Amino acid sequence: MTSDAELGLRDRLARLSGVKLLRGTRLSAEFERLQRQLERLKDDTSDEEIWQRVELARHKDRPYTLDYVERILDDFFELHGDRGRMDDHAIVAGIGKLEGRTIALLGHQKGRDLKERTKRNFGMAYPEGYRKAVRVMELADRHGFPLVTLVDTPGAFPGVAAEQHGQGGAIARSQAMMMRLGVPTVSVVIGEGGSGGAIAIAVADRVLMQENAIYSVISPEGCAAILWRDASQAKKAASAFRLDAAHCLDLGVIEGIVPEPVGGAQTDVDAAALFLRESVVSHLHELDGTASDDLRRARRAKFRSMGVFA
Amino acid sequence: MVEMSATDKVDVSIEHKQVTLDDGTVKKHPNTCPGCGSHYRDDELQASLRVCPQCEYHFPVRGLERIEQLADPGSFAEDESALRSGDPLEFFDLRPYTERLAEAEESTGLGDAMITGSALIEALPCRLAVMDFSFMGGSMGSVVGEKFARACDHAAADRLPLVSVSSSGGARMQEGILALMQLPKTICALEELHASGGVMISVLAHPTTGGLLASFASLGDVLVAEPGALMSFAGPRVVAQTTREKLPDDFGLAESNLRFGHIDRIVPRQELRPVLAQLIRLFRRTA
Amino acid sequence: MVEMSATDKVDVSIEHKQVTLDDGTVKKHPNTCPGCGSHYRDDELQASLRVCPQCEYHFPVRGLERIEQLADPGSFAEDESALRSGDPLEFFDLRPYTERLAEAEESTGLGDAMITGSALIEALPCRLAVMDFSFMGGSMGSVVGEKFARACDHAAADRLPLVSVSSSGGARMQEGILALMQLPKTICALEELHASGGVMISVLAHPTTGGLLASFASLGDVLVAEPGALMSFAGPRVVAQTTREKLPDDFGLAESNLRFGHIDRIVPRQELRPVLAQLIRLFRRTA
Amino acid sequence: MTSDAELGLRDRLARLSGVKLLRGTRLSAEFERLQRQLERLKDDTSDEEIWQRVELARHKDRPYTLDYVERILDDFFELHGDRGRMDDHAIVAGIGKLEGRTIALLGHQKGRDLKERTKRNFGMAYPEGYRKAVRVMELADRHGFPLVTLVDTPGAFPGVAAEQHGQGGAIARSQAMMMRLGVPTVSVVIGEGGSGGAIAIAVADRVLMQENAIYSVISPEGCAAILWRDASQAKKAASAFRLDAAHCLDLGVIEGIVPEPVGGAQTDVDAAALFLRESVVSHLHELDGTASDDLRRARRAKFRSMGVFA
């Protein structure tokens, strides 16, 4: 990592952590840990370390959207259906109170057991799921509710009906809708941020990743199968992709990293939820009071500037 | 996001369900139409806009040739041609990304997979953003994203309609997460064009898949596709592997997309130029 | 638009697919639950909010009783109660419309099929617009349309949430085309409420069909339905006659509508009051 | 008819016809005929005369939306699909030039022969048809294209899939969208204006009816079956409903009547198209230059005031 990039990273982590994560006493310790992480980032992370994050991001006990919802929001009311054809259980949506004010929440939802996994389609949404998302975004916009999205999907579902019902267009329209919102938006990748299915609900003012979340244009296995012609090269692909949070921060794709308990979010879901809540709340506070037009302008400028070219 | 972006060697027809006449055993004449098996002469095919005179099979068209087909002779002025991709991930699979880029540039004569500029179509001024599948499978990385975004900016500033012609396997894997970010980036630029009252006419050529279909290509004010063009978010092979379903014969093709309500019209290549002129006339801002 | 609006004698259950235990031969006890066949005492049924304690069958609830179930005791203040329908078509089928109106008023004690006013739900102020199926099948004519529109106006002026409870066969045929015009009229009023930042929570009780489903009842910010409530634009009989298809067992029921994405939740009547309170808290405007 | 109502009607017809229908020479004659009609309206129209209109409105040779499109618009480009699930052929949509400027057009489309009727589902749309309509309304609004809708449907399709896909909500949302449009809107009932399926695309600044069109809350047969318990009483029901253009004008539901050639639109489609075109153009001219907010305000006030009560 170049020292410029490191400085930038240090600066961002400081902004993220210094002010906002020091609220609870437990958070101070986390902050220190985050600092130590920062130190380590000087050296390139090893393939093995990145792969550990991939495994943690997909851990069978990793908390899912609804695990956080029940710990973070009060009075949560789930909203169902796209008002067209289906209620897609791979995406949950609703409104609830966060620190006393109403927000709208959207998130991919995987399943814990086989039955739930089937119901949730392993967190892989149909176009109807993204249409439900758009509907709830419109509701949030109309009522001035800040929008929080939790991203955790291997990708949008690749199926015949999904294609027939317009998967590509639905994902495109969900992004376009997020560009239009006049309310503050915060997205957090809490597990797998898989490709178009992830970005569909992650076009936010602030995009964060949990410490062990991954965010990528294609799954490491998919990439390896194509580029290395060998799916078992997934570790190499993961590393080449820099799909971990630190690298995404370095690339300017996300604004911050949400710490997890040592060993991963699944070791202490309550603590993970506390950190998540603090991060979201602090970013929403920063965005508070910004006029709708300014929110949109800054959001668009941010995404407009992404890419590396000469 | 879609495997076709991986290499510039991909045969366009492999994802094309209607074109499976090749039985794999007979050695074919090099100029054999995959639609009907008839032979063609290169100059004749070019004169017929690369549409088979026998069966109407639409062969792929390179970016500059597409512009020649659509724009009034001599009217096209390319811009942003100096843009070149960086290598933010220092990506290396079996070969370095930089090497793949250099090779693609040499073999195609293009700086990246999209050509943009101003042109006249039937004497009507417009902006063009045309993709070339030959450049790394038409994959969308930072340069394609930036070129499309600038095309939107120019169209808005000049109050001209923007015509895009997409042909792409999706996001460019070698740019990792930054390739994914070209989806919101291009959508964002198109939103600004729309907010300025502008129009984007999206022509979907074979194939328009993955990140292209999940971004600007789906968001035109009018969507027209070429006959037989594959338009799917996930490619047929991925869908078949994932779901173990037998795919419908016209899976993901323009014809299926028309039936399911995703495009406005299928326009044979011979009609594309007049249809675009018609649309430009309809959307032209008089004030 | 829907035949149920024709008469106030229609048995609510006839459109209700899940309630067909009556074999038509055995003479029934007058207080027999159509859900499970058990007998009930009137006072007990009322105490259980007209939900069968055995099988959870939701009996119809009259408008004022519904308000008693939802609002804090003594908090409801009716308004617009003096509104009465005109007879713009001088409509006469087997009997004059005016006669039907007078009879409905006498039998129900209501001026028309909707009751509006202000109330508290768990001490939270709100506006109510509650329909009564007993008044000419809850059909929507000029008075229902005007009352709903004024309820929107009041909610906007007072910055209070509006809770509607619909139970209706659709537009009131006896007012002809003017009944149809109540669809855009109510939608228009709701648009103005929404434009003012207001919220409408739509409770769909059995049945909400025809013009009700095609107007304001579908356009709430949140839609909740009672278990087993019929929610269809065309009634089951019309659909069966037109298409000669066998209808699914749960055709048009709330449960089917939830699955197909048209409502947010099915709320058993016992939970309706706390759920409405929760929603009012969530949508309450603090500024 | 009361003399007040008659005065109102006379006034409206004068406004409609006097200025605008006098453009072509053929139109002068029509104007006179319209005047004569007005005279006749003093007396109540007979059941038989109203029923003749019902039969003309449903005449197998009556021109449909596309018959008018090809005669009225230049450069018409048909737009297909709801971008979700289907292209519903019972509703056609597109853009074209009317007197040199681009407008958007929507209309129900019946079929002439059996094959076409099946394809068009007899002009009875699914929810997908109304979603296509909403999509094209949004397009028109964004580009400032005036919207013209042609209404000709027995009603929205009453089928299992139609209900499952949300027929009621789709019709409601189409009306809501028309309330929001900032462009001038003119709707013309050109045949059957059947119930919710008709009003879904008829919430316009100016609603007109062709001379022999009908507009009603339920079909005469449906009404008769319910109220008279005898579908053969449809004539009586039609008359009781006052579903003809003159009565709808009298009731304040429409703003004007578009004359047809003697004997009905099917006797001379070109002439019928000419009258239709003139009426639409003149109403659009009247609306020209009105600010979007004022258009919306007036449109809402108009529909808000409909109904008779004390």
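The first chain written gets the first letter, and so on, giving A, B, C and D; residue counts start at 1 in each chain.
The definition used in the following text is that a contact is a pair of C-beta atoms (placed from the backbone, for glycine too) under 8 Å apart; a residue touches a chain by one contact, two chains touch by 3 or more.
Computed from a predicted model, the values in this text were never measured in an experiment.
Asks: Starting at chain B, find the fewest moves between touching chains needed to arrive at chain D.
Replies: The fewest touching-chain steps linking chain B to chain D number 1.
Asks: Per the definition at the top, count C-beta pairs in contact and tell me whether A-C or A-B has more.
Replies: A-B
Asks: Counting only Cα atoms for the centres, state how far chain A is from chain C in Å.
Replies: So the centre of chain A lies 41 Å away from the centre of chain C.
Asks: Taking the mean of the C-alpha atoms as each chain's centre, how many Å separate chain C from chain D?
Replies: 30
Asks: If you average the CA atoms of chain B and of chain C, how many Å lie between those two points?
Replies: Taking the average C-alpha coordinate of chain B and of chain C, the gap between them is 52 Å.
Asks: Which positions in chain D are in touch with at least two other chains?
Replies: 83-85, 164-166, 169, 173
Asks: Touching at least two other chains at once: which residues of chain C meet that condition?
Replies: Residues 260-262 of chain C touch two or more partner chains.
Asks: Graph shape for the chains shown, where an edge means the two chains touch. Line, ring, star, complete, or other?
Replies: Other.
Asks: For this structure, enumerate the chain pairs that meet the touch criterion.
Replies: In this structure, the chains touch in these pairs: A-B, A-C, A-D, B-D, C-D.
Asks: Taking the touch rule as given, give the residues of chain B at its contact with chain A in the complex, in rising order.
Replies: 1, 3, 6, 83-89, 91-94, 141-143, 145-146, 149, 171, 173-185, 187-192, 209-219, 231-234, 238-239, 242-243, 245, 247-248, 251-252, 256, 260-262
Asks: In their shared complex, at which residues does chain A touch chain B?
Replies: These residues of chain A touch chain B: 155-160, 162-169, 171-173, 175-176, 178-180, 195-196, 198-200, 203, 215-218, 222-223, 225-228, 236-237, 240-243, 248, 251, 253, 300, 303-304, 306-310.
Asks: Using the touch definition up top, name the residues of chain A that touch chain D in the complex.
Replies: 83-85, 127, 131, 164-166, 169-170, 173
Asks: Can you list the chain D residues touching chain B in their complex?
Replies: Going by the criterion above, the answer is residues 75, 77-88, 95-97, 101-102, 128, 132, 139, 142-144.
Asks: Enumerate the contact residues on chain B facing chain D in the complex.
Replies: Touching chain D: residues 194, 197, 199, 221-222, 258-265, 275, 278-279, 281-283, 286 of chain B.
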